[in-house]
C-alpha cells in the first residue's frame, strides 16, 4: 500500500545513489576566492553584451552583462574588485566562451536591487517575471533555461500546476536535499511567487522517497497552504527529469518537441525556487549558489554556498582537496554531468555539484559490439530505441533518426548505464541530435 | 504444314505491330518535359532496365546521376565506357575552374600541441566536438581522429603518425566532403598550384597560443608585413592567406618565427635581369620594394640590397628577361 | 588488332559479367550444379549473345530509337528459340538439364545490356570481339562455380570421380542455398584477388 | 595539483557492472546440466561432440579475427556459446568431422562474414546445423539410443503415430539430439537465466503458448508437443539469442508467436518431423522488418 | 539514331518486319528440328518401356478412354505385360514414372522414373537400380514403406533421408493396380 | 471445397515451398539489385506481383487460343515476351494517367520488370505445368507474392548488414548472395509441405 502512494514513471534504472558522503553536511560558505571568472553565456539563449570593461571597479551584485533579447539572463558580479580582462576562457560546457574576469578587492558588501518585499499576491505576474529576469535567474538544476521565459505563459495556454522538482535523482548530489532541509520555507515561498507568476492554481513538490527528512520538512513548511501538495516519488533514476516527474505526479505526457506548458505545467528546481524567493524578498541577484562537492576523490565532501564564477579548483580546495589521484572531475552528477578537462573552469548558474572520481575508479573505455540485448530499450524512460539510434547516428541517417524521435532523447544516460557492452549510446545520440539540428538550421537558412 | 509459316508470319507480325503501336502511342501521348541532361544521361545508359544499379530502371538512375546522388560508375552493365561518358556529360561545366585541393589549416599534431586531458569515447572528431570534449588545449586544433579518412571518397586523406591528416594532392578532387565534415573547419579548398599555406586556425591571442602550441600563429604580423602582394591579412589574432593574391614566393614562410607557414615551392636563391631586357619598366613598377632601377628602353638592374627575391619581376617580364635560380628548401 | 584484343580481354576480368557486373545471375545459380551444365549454359548464352550482337550491329541503323529495346528483344528471342530447338533436337540431355533456363536467356540482362551498351554503338567487328570476350568471361566463371559445386556436391568433376568412394557427398552444394553461398564466397575471393593484384600493379 | 591529465568522457559516468562476457558465460553455465545429462544418456561420445564443436567454433573465430587484424575476443564467450548450442543440436551418432564442418560454417558464414559478434542476422548455431542438415541429411537423421538405432519421439509420432510417455520426455530418457533430452534440466538452466535477467521471457512465452494452443486446436496432444523435440531448448536458448531477435517488446511477442506458428506448420504438415530450427531461422529473417514496425511510441509521441 | 524518323508508322513497320521475319525463321527451324525432337522422345519412351517390360521385344500403343497403355509382346507375339506412365507430386516437383505390370499375375514387373525434380544425391536416389528393385513383383495393392530389409513383396525399403520422395513414388505406383485392372482384368 | 483447398495449397506452395527467388532462381537480378531499401523493395514487389498476375492471365489466353490452337508452340517465347513487354508498357501508361501517386510508388519500377526473368519464367511454367485458367492466375499471383516476400526480407537484412562491419571484399554483392543463401537454407524448412 505504501508503494501505491509513491508516484513514479515506467522504465528507468536504479544506479547506486552514494549520497551518504554529503547528505548530512550542512551548506557552508566557501572562503572568498581571489579571482572569479563570469562567463557571459550561463543560460540557453542569446549571448550577452558586457557592460563593463577592463580596469573597471565593480561591486558585488553589479550587473556585468545583459542582452536586449528576451531569452537571456543577465549576469552580475559575485565578487567586488577590478575587472582584469574580458576574454575567451574555457567553458564548462566545452569550447571557449567570452567571460569577465574580476580580481577581488575592496568592500565585499553586496549591492541589492531595490525590491519592496511584497507578498506574491500583491504583485502582477509581469512584475514577478521582471524581477526574476533582473536577478538573472536560470534553471539551477543544470539546463540553465532562463526562468522568466519559463514563466511567460504564451497566449492561449494556461498553467494549472506548478511543480517544484525536489527529486534529485542524480546519484551523489545532495544539494537540493540540503536546500529543502535548511531552506524549506524559502522554497515554499519561491513556489508561491512562481505560482503567482504563472497563475497556476496548484503547487506540487515532488521528492524521492529516499529523503524522508526533506519530505517532512517541506510538508511542514507547506502545511499552511491548501494549494500546495508535497508528494513522495519512487527513488528511481531519472525521476527528476522534467517529463518523468510530470508523468509521475500528474500522469501527463509532454508531447514530442513540446514543453511542459503544453500540458499546463511548469517545473522548477528547488534551488531555483529558493533563488526566486531571495530575489523577490531581498532583491538579491543570482550571484551565489549552493552546490555539492563530493565523490571518492574528495577529502571532505560537503555542500557549499559558492559565488558564481569561482574556479572549481577553489571549491576543491575548500573541500579538503583531492583524495588520491583524481581521474575525472565532473560538473553535475555522474549520470548527466560533464567531465572537465581543466580545473580553471568556473562554477556557473547550473552547476549543482562537482563530482571527483579517483583514477582507480575509472574503467578502461573498451566497448564491445552491441548484441541487441535491448536492455537500453527496457531502460529508456522516453520509450526510445537507443541501440538503433546509435547505429543510425553512426551512419548519419538523419531522416531515420528523426523518424525514431532522436530529438525526444533527454540524455539521461539510462541506456549507457545499463549497456553490458559499454556502448557510448548517449554520446552517439548527441552526435545524431547535433547532426539533425544542424540540418534543420541549414534548411531554414536556405529557404 | 505450310500453314505454319503463314500463321507464324501473321500472328507475330500482328503482335509486333500491336506492341510498336502501343510504344509509339505511349511515347507521344505521355511525353513529359524533363531535364535535358537526364535525357542525355538516359541515352548513354544501356537501357536494359536490369536494376543492377539499385534504381528502378535506367531513367531513374539517370535522374539520380544527374542529381549527383550516385557516382557515375554505378551502372554495372555499362561498365567503364558508360561511366566515362556520364562523367563527361556531368563534368562539362565543372572543368573550367582551376583545380583545387583541400588544405589543412592546422599544424599542431600530437608533438607540437599541449595536451589537456585524455579523451575516452567514440573515436571521431564529430563525436568529440558534439559534446565539446577535446584532448588538446587549443580549442581550434585538429582533433586528430581522422574522420575525413573515411569521409574522403577518393582515399586522398590519411592520418600521419603525428595525428594529423595528410591530403594526397594527386588523389584529391576538391569534392568538399572533408571541408563540410571537419567540426573545427580546418579544411579549405585552395588552388592546386598554391605553395604557401598558413596552417593555423587559432583566434586565441598570441600569449595563449604560445603556451599551448609550438606551431600556432602568435599573431606577430611579420608575414603580413613581408608579403609583397598583401595577400595576408590579420583576422582576430590569426593570419589568413588570400590564395587569389598569393604569388607563392615563400617569403612569409621564411619570416614566420613559429614555423606556422608551410612553403612547398622552390625558393628563389638568385635572380637577375638578363641582356634580353627591353626596358619596358614593367618590373620596376611591380617590384614591391623598389629594388629595380633603370631607364625606360634600357636594361634594368636589381638592387641586391633591397631585393627580397619574391619573383614578381620574373612573373611579369613580357620577354622572359629575368633569370632565377631556385633551390628546394 | 590490339584494340580488338582489348575489347576481348575486357570481358574476361575487368568487366566480367558475373563477378564484376553482377548480371545474368539466374542461370549462373540455377544450372551450375555440374561442370557440363555450366559449360553448356555458357555456350548457349554465348551463342545467343554473339549472334544477336552481330545482327544488331549490322541493322542498328534501321531501327528507330523508340522501338530499339523491343527490336533487340525480338531478335534475341529468335536466337533463343533457335537454340532451344537445336539443343532439343541434337543434345536432348543438355536440353533436359538446362530446361527452363534456355528460354530465360531472353531476359538475361547480360544479353540485352551488351546490345545496348555495345552492339548498337559499334562496328560489327568490334561487336564480335565484345561478344566473344563476354562469352568467355561468362563461361569461365560458370565453369569454375560449377566445378566447385560438383566437386563438393558429388565428389566428381565433369562426371569423373575425383574424391573417391570414401567421400560423403555434401548435398547442400547442389541445392539453392549452396549455390548462393558458393557464388557469394567466390565473388568475395575474386574481389580479394582483384584488389591484391591491383595493388601490386599500382 | 594534478599529476596526470584528467580523463574526459561523455556522460553518464556510471555503469552497471555487467558485460557481454558475463552474459555469455552465464548462458554457458546454465547449459552445464543439459550437457551433463547428454553425456549421461549418450555416453562420452556426447562430450566428444561438445568438445569438437567448441574447439572448432573458437578456432574459426580466432582465425577470422586474426585475418582481419581485429582484437581477438574469444574470452567474451560468444564462440563457446555457439559451440555448445551447436553441439546440442547434433544427434549422438554424428561423425565428429560433420560437427567440425557445422562449427566452421556456423562461425564463418553465420557470424564473421557479417562483421562478428552482434552483426549476424541468423543464429549461427542454427545456421551450422541447417547447413549440415542440407549437406548430410542421412547422417544428421540417424538417431541412436543405448547403442541402438532408434527413432526420436517426434519421428515415432510422425511415422507410427506413437506418443512417448510424458515422464520420459520430462526427465530425458529418450533418444534425440544431445540437447533435446530432458525438459526438466532445460527449464532449470532457463530459470537461472531468467533470475539473472539475461533471458527475455516474451519470446519463449509467445512461442510455447502458440504451439500449445495451435496443436490443441488442431486436435493433437499439446503437452506432448511442448515436451518433445527441441521446442523447449529452442524457445529458451535459440529463439532468445539476443543478437538475432527483435529489440522491441512488441517485436519479441511477434517473434515468439511467429516461431510457434512455423513450428506447428512444419511439425504437422511439413516434410520434417521437427521444425524448431527452421522456424527460428525463418523468424530471424523477419527481425529487421519486425523491429521496424514495432518501434515503441516515444513518450508524448502522437500516433 | 535519335534523329531518325520516329513516326508511328515507321515504328510499326520496323517491329512488324523483325517479328514476322523472326517468326518465319523459327518456323523453318521448327520444321527442321521437330522430327529429331519427336524421335528422341519416342526413343526415350521405348527405352523406358523395354526397361519395365524386360521380356518384351516390341510394344504397341493402345488407347483406352484417352489413357495410353503400352502393350508389350515377345518375339513370338505373346503378350508379356502392359506398361503405363503415371505422374504425381514428389518432394520437390512432379514425378513421372513408367510402370510395367503383369495384369495376369496382378503384379508389378518394374518401374522406371521418367522425370523428377528430387534433390540430387538424396531424393534422386529413387532412380537407382537398387531402389527400383523394391518394386519387382510387388502386388497390385497398397504398398508399404519399411526401414529395414523388406520381407514381404508389398514392402518397400526407405531411402535414409529421403522419406518424402519414397512416399511419393509409393503413392504413384500404388495407383497402377486399379488402372491396369480396369482394362486388362486379369487373373481372378 | 476440395478444389478450393487445392488452390490454397497451390498458392502456399508457390509462395513458400517453391519460392521463385530462393528455390527456383528466378528473378535474381532485381532481387539482388533493387533490394537495398525496404521501401523500394516493397514497391518493386508490388509492381511485379501486379504484372505477374496480369501476365498469367494474358499468356494463358495466347497460349491456349493462338499457340496451341494453331500449332505454333515454337513461337511461345517470342509471343510471351511481346505480351510482357506490351503489358508492362500499357500498365505504365495506365497508372501514369490514372494516379500519379501510384505511378511514383509503383510505376517507376515497371520498366525493370520486362527483363525480370521471374515474369517470363512464370509465364513459361504455366504451359509446362498444364495449369488451367484459375490455377494460372493463382500461380501468377503466388509467384509475385513469393517474390515480394523474398525481396522485402532480404532488403531488411541488407539494411541491417550495413551497420555491421562486413569484410571489405564481401561488401555489396557477395554478402547479399550469402544472405540469400542463408535465406534459402531457412526456406528449406518448408520443403515437403506440398505432399500433404
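Just so it is clear, A, B, C, D, E and F label the chains in written order, and each chain counts residues from 1 on its own.
Convention: contacts are C-beta pairs under 8 Å (C-beta built on N, C-alpha and C of every residue); 3 or more make two chains touch, one makes a residue touch a chain.
In this text, all values refer to a predicted model and were calculated from it rather than measured experimentally.
Contacts with chain C and chain F are shared by B, D, E. Chain centre most remote from that of chain C: A (centre = mean of CA atoms). With centres defined by CA atoms alone, the chain at the far end from chain E is A. Here C-D and B-F were compared by C-beta pairs in contact; the pair with more is B-F.
As a whole-number value, the distance joining the C-alpha centres of chain D and chain F reads 33 Å.
Chain B and chain C have centres, each the mean of its CA atoms, that are 43 Å apart.
Between the Cα centres of chain B and chain D there is a gap of 54 Å. Counting partners per residue, chain C has 22-23, 66-70, 74, 77-78, 81, 85, 109, 112, 171-172, 175, 177-178, 181, 185 as the residues that reach two or more other chains.
Touching two or more other chains at once are residues 2, 6, 11, 14-15, 18-19, 22-23, 26-27, 29-30, 91, 122, 164 of chain E. Of all residues in chain A, those touching 2 or more other chains are 338-342, 365, 424, 427, 430, listed in ascending order. Interface of chain F with chain A (complex): residues 162-163. By the touch criterion stated above, chain E contacts chain B in their complex at residues 2, 6-8, 11-16, 18-20, 22-24, 26-28, 30-31.
Remark: chain C residues 168, 170-173, 175, 177-178, 181, 185 touch chain D in the complex. Partner chain A is touched in their complex by these residues of chain B: 116-117, 120-122, 124, 126-127, 130-135, 139, 204-205.
Only residues 10, 14-15, 20-23, 66-70, 74, 109-110, 112-113, 116-117 of chain C touch chain B when the two sit together in their complex.
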